[in-house]
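In the two complexes below, subunit A is the common chain; its partner is subunit B in one and subunit C in the other.
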Partner chain A sequence: MAAPLTVVLIVAVTVRACLFRSSLADLIAERVEVVSPLNAWKRVVEGLALLDLGVSPYSGDVFHETPLIIYLFHFLVDYAEITFMLADVITAVALYYAVQDYNTQVLRQQKFALEAERLPLDSLELIRSPRQMYYIPLKVAMVYLLNPFTVLSCVAKSTCGLNNAIVALFILSTIKKNALLSAIFLALSTYQSIYPVTLCAPAVLYLLQRQYIPVNVRWASFWWFLLQYAFMYLGSLFVIICLSFFLLGSWDYLPSVYGFILSVPDLTPNIGLFWYFFAEMFEHFRLFFLCVFQINVFFYTIPLSIKLKEHPVFLIFMQLAVISIFKSYPTVGDIALYMSFLPVWSHLHRFLRNIFLVSCVLLACSALFPVLWHLWIYSGSANSNFYYAITLLFNVAQILLVSDYFYAFLRREHHLTYGLYLKRKDGSEATLVLK
Partner chain B sequence: MAARRNIPVGLLFILCSLTFLIATNTHETTSTSEHPDKAVNLPEKSTETGGQTTEQPAVEERQWEPTEFQEETVNDAAAEKQDATPPETTTTSAGAHPKDDFQEELVIRPLQSGDVYASFQFRTLWETDFMKGNKVSHYRLFPKSLGQVISKFSVRELHISFTQGYWRTMQWGQPFMPSPPGAELWVWFQDSVTDVDGTWKELTNVLSGIFCASLNFIDSTNTVQPSASFKPLGIGNVTDHRFLRYATLPREIVCTENLTPWKKLLPCGSKAGLAVLMKSEKLFHSSFHSQAVHIRPVCQDSECTTTSWELRQTLNVVFDLHTSGQGKREWSLFKMFSRTLTEACPLASSSKIYIDITDNPQGEQFELTPATHLLSQAVVLGDRRTFSVYDLTEANTFGSMRSLNLLIRWKSSEGDMLRPLLHAERYVAGYGLQTGEIHTLMYNYHPFRSFPILLLDSVPWYLRLYIHTLTVTSKGKDNKPSYIHYQPSKDRVRPHLLEMLVQLPPNSVTEVTVQFERALLKWTEYTPDPNHGFYVGSSVISALVPSMVAMDTNNTKERPLFSSFFPCKEESSYFVRIYTEPLLVNLPTPDFSMPYNVICLTCTVVAVGYGSLYNLLTRSFQIEEPNPRLAKRIANVIRRLRGVPPLA
Partner chain C sequence: MGLLSDPNRRRALINLLTRLNAPICAVCYIAGVAWFMGLAFEPFTLRTYMSENAMGSTMVEERFPAGERALATGREFAAHKKRAGGMPVDWLVKTMQSRGLEVFTQKFSRTLPFPDENKERYMVKGTNVYGILRAPRAPRTEALVLTAPCSPGDDNNQAVGLLLGLAQYFRNQIYWAKDIIFLVNEHDLIGMQAWLEGYHHTNTTGIDWSPLQGRGGSIQAALSLELSSDIITSLDLVLEGLNGQLPNLDLANLFYAFCQKIGVTCTIQGKLQRNDWDSVSGYSHAVQTMMLMVMKQASGRPWGDHGLFLRYHIEAATIKGINSFRQYKTDVTTVGRLLEGMYRKLNNLLERLHQSYFFYLMPSLSHFVSIGYYMPAFGLLAVILLLRALDLWVQLATPPVRTEDGIADLEQVTHSPPTIKLIPKETIPEVLSVLTPLVISHLTGAALYFFPIQFQATAVEHFPVSESEAVVLTAIAIYTAGLALPHNTHRYILTPDWRVLKLIAVLYMAVLLGCTALINFSLGFILALTLVPMAAFITPHRPKVLSAFIMVILSPACTLLFLVFFFQDLQEIPVSFEDGWMLFLSVISQGILDHSLYGSLVYPLIALMVYPCWLLFWNILFWK
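Moving on, here comes the complex of A and B:
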């Protein structure tokens, strides 16, 4: 199993290395779809240059990376390409092992269910065989590494790749039942871009599940574990924040990094929903809509974790997707992370309703982004509405994709309990509807 | 021009009534000076009465001015009454008060390009002390409006200029008073000021009213604190640049409404003296127009025991007489200003006209009439120049005609201009609306000496500069600046400030490039004509340039040999400040017509996301039971009433 993974890794690294050496690298690094003001490599270099001039990088509005990133690239700036390739490799390997472990988990649960004869007879069709699942981890790693979005993101040296690596390590340590490492990596990814804080819900649910502690407010062990995890998480977050304070000796980075993420002052176009909305917003409604849009990102955590408390890994996938759609400065690197999970849910394909349409729209939009950007910015024959329209469509397609997977997942769960071929009272074939 | 709206209405009213009053009072004078043919025929007596009438409104103007600031100085009411004493006492006491002094001067330099450069300077010196907080309430020659501004806002130095057009250094040489296109304001505050930013904000608003200009548009987004480029020009060695504020408005359009309040600051107004020549329809029909006010403390004597305030009002105009004169190269005061001079300002201690005749020592280039025997030599901007001097305080200057109309007629158009040693230009490179690059080219034409220059760039926040892309190259080699002061911008708060000390090698071009990214702004932040582009103020280049005089190594014919081995120190270099062109940069624009559509569409997409997730979260899967038809349902209701089992 290690051999195909190695081959994939070598291919991925080769592709990246070739692109780094080609003239395309500069072109890709300027693309607004690939880099955002938050993670552009140009701005990291600018921050280091400001530091060299003796100016605090946070005194201006160009640099929005965290102090740890400065510290990291202070040493690694000459090896940036290797660093980013390494980050992608780490993400892929972490996802590989995480998914492998998750799959054995799934198989074991399935075996228990079969032995207990809990499954209806006609839903045996839905049972997943180890043979089918054998290549899923490899597919995950391959989808992440060879996804054009990831390749572009890596070649543009977007620090999004580093954030993805941290999130992947968090997923790995959670699935490997290591609560401490999970809390540390979660704190680290929160520190990098706030939004992953919502991943604490699936992490806690998964760890509880694996330790056979029921999610029940009346159980003391539930609270005890919750307290432990919260303590580890907040403790490591506190340590990281204090560490960054001591690195630069000032708290300037807090408004410059987190204030920037939350208040969206930079309206540079990207693939998200924020930029044009807030460029065209009436000034007195600005704060209101800012709150609505930001709450929107965090809000789904609660209902999703209630609905999916038995399936924390799918919850992680849903959370990652919601974050990458609704976050304030999304890039294609964020999309690549949740897309790499799609092979894990390959057994849901029979229940997907509009996967063909959605994948066509996603492909078409990805091709149209650079075209309409060129028409607006360079040839001047289109205006901002063209690019905006394509971001809208792209986001609708992503939403449809995610909700389709969510629908399929829920439907499969329903069938696993009630049987695949449902019948009406009168014995005729029934159709399932949401009510 | 919309900026002019917030001029206080009261001030406007006073202005109108004042101009009306002046117009009625001086009807006689204007008519005499407008028709020089008549003035020639007028007997001596009428000129004298003309002189008296010009004096009177001038005095009246001084009485009127303080009322503009009545709301500020309630305590000064008594002083104003003093000021309003009969005009004859004020005029006669001119000699009794040695405390203030007024000088006026006009320098005319025929430029090699065929244009004519006219530079007016009016200097009011006042021996008083605003600094120690004592209330100064008695004003004579110094304009009260400015005096109150200085004392109220604790200003130590104030420099303001309004310029229309761009000074073409390569065709016209160096100006006496450089200024960037648009409005420029820089102020040094006294170190007693605690809230410098607040004071600066108030000061710009007050100056906006005084000069009828859009200076109220100066806010933190276009104000910088240069660390090295703008040093105090007056006495005092406080160099803490916390007390310095510098701002430019490159888009400011200068016109008559800025000239009128400027002229009102003169002791004689535009009634007498050189200011008579300032007719706006002529001054603004020119290639370049720049008016400025400089206030600074200066030493009264060589020991500097007492200080006095100097108010220097300058007006620089370049007339394009070559094209308007149908190819004939000649000019006269009348042709330039449609006026002639009949007298000096009676309040002036000195009133002179200088004509630059350096290129014409033997009179072979042009002919100057009336001729004068008075000559003056001065080293101006590192170059020894010769001037013909006309002293307006002497009666014989005006000759038998009682009016002075200087006239120059060219004989040949040969000769070449002394090329300025330092020259700079700037442009934006790149295409598209995403990124760009600012190129600043600085030329050192000195054949063998290199000299350092200070480059100051203030770039608005919406062009995000990337300082790591800064390159300085001269002669194809990297030229590392020995000093860089960079302050990055804050969105919607402050601009970028870049100051560099660069050594310019001899006879070279030094190119400074820096890349920027164009920001997309909120739709309310664009100007009413967003596709016109956004202005970026001129770069300021301050330099100590080696003097031409010192450059002249075999200059042995004038000086004895023993004095000329080492170059004379005080003449070896001179200070020059040059301004580059302002830039016009296009930014990407949103569609201004559809905020509602965008809000609706984006919210719809968010609602699609919310709706589909909400749907899946709150509902559960159920088997769809077919709905009985309506007729069946009604039949069932009836059957139930009848007590019969319902239909299946």
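Moving on, here comes the complex of A and C:
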């Protein structure tokens, strides 16, 4: 299995290296779909220049990355291209091993279920065979590395790739049952962009599941584990934040990074939902809608965790998708991360209903983004409404995609408990309707 | 959401769409064409109206008196031009200075990728002369431009004369709030390109120019003047610019309003406007006018010197004086008054022209069709592709007989051949095998794009042809050679289902045409008109020879050939087949030149995207 992975890695690195050398790299680095004010390389370079001059990098309104990133690139700025390629490789390899581990576990659970004869007979065709699942980790790595979105993001040197790597390492350490590393990486990714904090729910659920502790408020061990995890998480977060403070010597970065993410002052167009809405809004509604929009990202954690508490890995996927759709400065790199999980759920394809429609819309929108941008900015003949219409469509398609997978997942679980051929009370064939 | 989530209703809808797919496609096609033809019918169009408040009325008193003197200056210019054998730079500088302008010159040079036989030029060297009239009334942050080309031969002398006359007259007025730049450019578009790049300090096409010594403010609008006779019968307005871009409709409205006021006959596409829209001949006249506009826009080339301004967000148009055998004549004084009125109105602008439409078609100068009305015509054609894609998707999904609800018959699933499984991710080899034709046809496209210019020297060495013929013939040769490819690509692939390839090709074409139509509606529509029916009904099971013939007829190159004849027909100068063929060759070389000189996107689009897409369908036809 290592050989195909190596081939994929080599292909991916070659593609990126070629693009870095071509004239396209500058063009890509300017695209608003690929870089946001948070993670643009141009801004990192600006921050570095300020740091070298002995000025706080946050003194202007240009740099919004975290202090650790700027100190990382303080040493690595000459090797930036290699760093970004390496980040992508780490993400892919981490996802590869994570998914491999997850799959063996799924198979084991399935075996227990079969031996215990818990599955209804007619749902046997839903059983997954190890042969089918053999290539899934490789596909995950391949989909991540060769996804045009990831390639664009890497070539633009968007720091999104580093965030993805941290999240992937978090997923790996969670699935490998290492609570400490999981908490540390979760703290790191929270530190990077706040939103991954919602991933603590699936992480805790998963670790509890693997330690056979029931999710029950009356169990002391449940509370004890929760406390442990919270302590590790908050402790490492505290350490990282203090470390940043000591590196920089001031608390400047808190408003400049987290204030910037939460209050969305930069309304440069991107593929998200925020910019147009807040550009059009009357100033006195701003705070209210800001809260509504931001709560939107965090709120889905609760219902999703309740519904998916038996399936934390699927919950991770859902959370990543929700974050990348509703976050304040999304880029295509965020989308690439959750899309790389799609091969893991390839067994759900028979239950998907809108996949054709959704993939057509996603494809068309991806092509239309640059076209409408050109018409708006360069020819001046279209306007922002055209561009936002496509953004809206793109996000609706993503939401449909995610909800379709969610429905398919629940549907399969339903069939696994109640059998594949549902009968009405009068014996006729029943269909499931989502209303 | 009921439609998306209720399996029964979805099944009903999808059944309907797949069962009636062919009839629905045919109806859509006919409806699309009918809609498009209906656009020229006057009751379906809107009357033009001025949207910009600052230019609201034509209440200006035009006083330009000096038409005769302008003609005299024009004659003097002609004499000096003849003596200098090109642009009489010194004389122009002196004359402009004597009229009180700040005068500057700009030198430029450009070597064409291959000799241009139409205009007989290869290594171009020239000088632009321009004078700036500084605005007395406002900070000099905005500017207007009036240009006249210095053409070879006896053309456009009157235009330069009128330009100088207007400069002298404008200089004495006190109401200018914007700088006015009077530009005489040499070598038409190449000079214009050099000047615009110098003015905005960009270099996109690799032309050599000396930096501009003087600048005005940011340019708000520009008019280019072409006038070759002392007396004219009508003025023609040219709007189509680079890549099919059009200026804001208000500029056309302004021109029309002043023509009405002053009483000059005005035309668009050289066609007068008629009042008998309810008669057949009146309607066909409107259709012809609109078709001319569509074809000019689709060609993506600038149809006047104004065409390059549009790229810089500058609204610009060319005004052409036409002298034909009509009774009613107009003298140069009247044209000068018209321009004076237009410039005074443009001078009133408080912001860039943006109120009116940027996407429109004009069946006559007083009527227009906006994007909301013409897009459905394209949409109806594009829907065909989506319907076919849906049909293919359902066909690919059905072989393991499964209900829409996702419940499959157990036996069928286990016995179904693995190639027909629809999920691409489960069958990586299949996707890879579809990649082969994709990659090969794109490589052919890349060859079509790069080789003609790369190998012109080799071709000239080995064949008795001139450079520009060599380029065009190489392009045609590569284009034709691409047709032989399916036999070559086939041996290596694992014979997957042709429907997978067709699904990809159909979606590819839908996205491609959609994007094209957004940027340049006319090009997108013309391509859709020929490519969509071909794409919809090509399968490997059709009679090979007949389908191949139809496919070649509907291929982009043949479409271009027909359009050449059609265009000549509409312009009322029909050509014989041989002349048409020569014209076709020169159109191709012009397309390649436009791309390398001005950055027109039509040639790369056709070579790198449309042609490979067409080749995919060619592949499908010869699928074994």
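FYI, the second predicted complex is superposed on the first by the 433 of 435 C-alpha atoms of A that agree within 3 Å, B and C clash if a C-alpha of one lies under 4 Å from a C-alpha of the other, contacts with A are read in each partner's own complex, and residues count from 1 in each chain.
To be clear about the criterion, a contact is a pair of C-beta atoms (placed from the backbone, for glycine too) under 8 Å apart; a residue touches a chain by one contact, two chains touch by 3 or more.
Model, not experiment: these values are computed from the prediction.
In the superposed model, A:267 makes contact with subunit B only, not with subunit C. Looking at the superposed arrangement, the partner reaching more residues of subunit A, out of subunit B and subunit C, is B. Touch criterion met: A:346 reaches subunit C, while subunit B stays clear of it. In the superposed model, A:15 lies in contact with neither subunit B nor subunit C. After overlaying the two complexes on the shared chain, residue contacts for A:360 are found with subunit C alone; subunit B is out of touch.
By the document's definition of touching, both partners, subunit B and subunit C, reach A:411. Once the two complexes are overlaid on the shared chain, A:400 sits against subunit B and subunit C alike. With both structures placed on the common chain, the touch criterion links A:72 to neither subunit B nor subunit C.
With both structures placed on the common chain, the touch criterion links A:125 to subunit C but leaves subunit B unconnected. By the touch criterion defined above, A:46 lies against subunit B but remains apart from subunit C after alignment on the C-alpha atoms of chain A.
378, 380, 400, 407, 411, 431-435 are the residues of subunit A that lie in the contact sets of both subunit B and subunit C, per the superposition on chain A.
By the touch rule above, subunit A contacts subunit B in their complex via residues 30, 32, 42, 45-46, 48-50, 53, 55, 59-62, 265-269, 273, 275-283, 289, 293, 296, 300, 303-304, 306-307, 322, 325-326, 376-378, 380, 383-385, 388, 392, 395-396, 399-400, 403, 406-407, 410-411, 414, 422-425, 430-435. Those residues of subunit C that touch subunit A in the complex are listed here as 2, 4-8, 10, 245-246, 310-311, 313, 354, 358-359, 386, 389-390, 393, 402, 404-408, 410, 413, 422-423, 425-426, 428, 507, 510-511, 514-515, 518-519. Those residues of subunit A that touch subunit C in the complex are listed here as 125, 132, 135, 139, 143, 342-343, 346, 349-354, 356, 360, 363-364, 367-368, 371-372, 374-375, 378-382, 400, 407, 411, 420-421, 431-435. Listed in rising order, the residues of subunit B touching subunit A in the complex are 431-435, 461, 464, 466-468, 484, 486-492, 496, 517, 519-524, 588-591, 594-595, 598-599, 601-602, 605-606, 608-610, 612-626.
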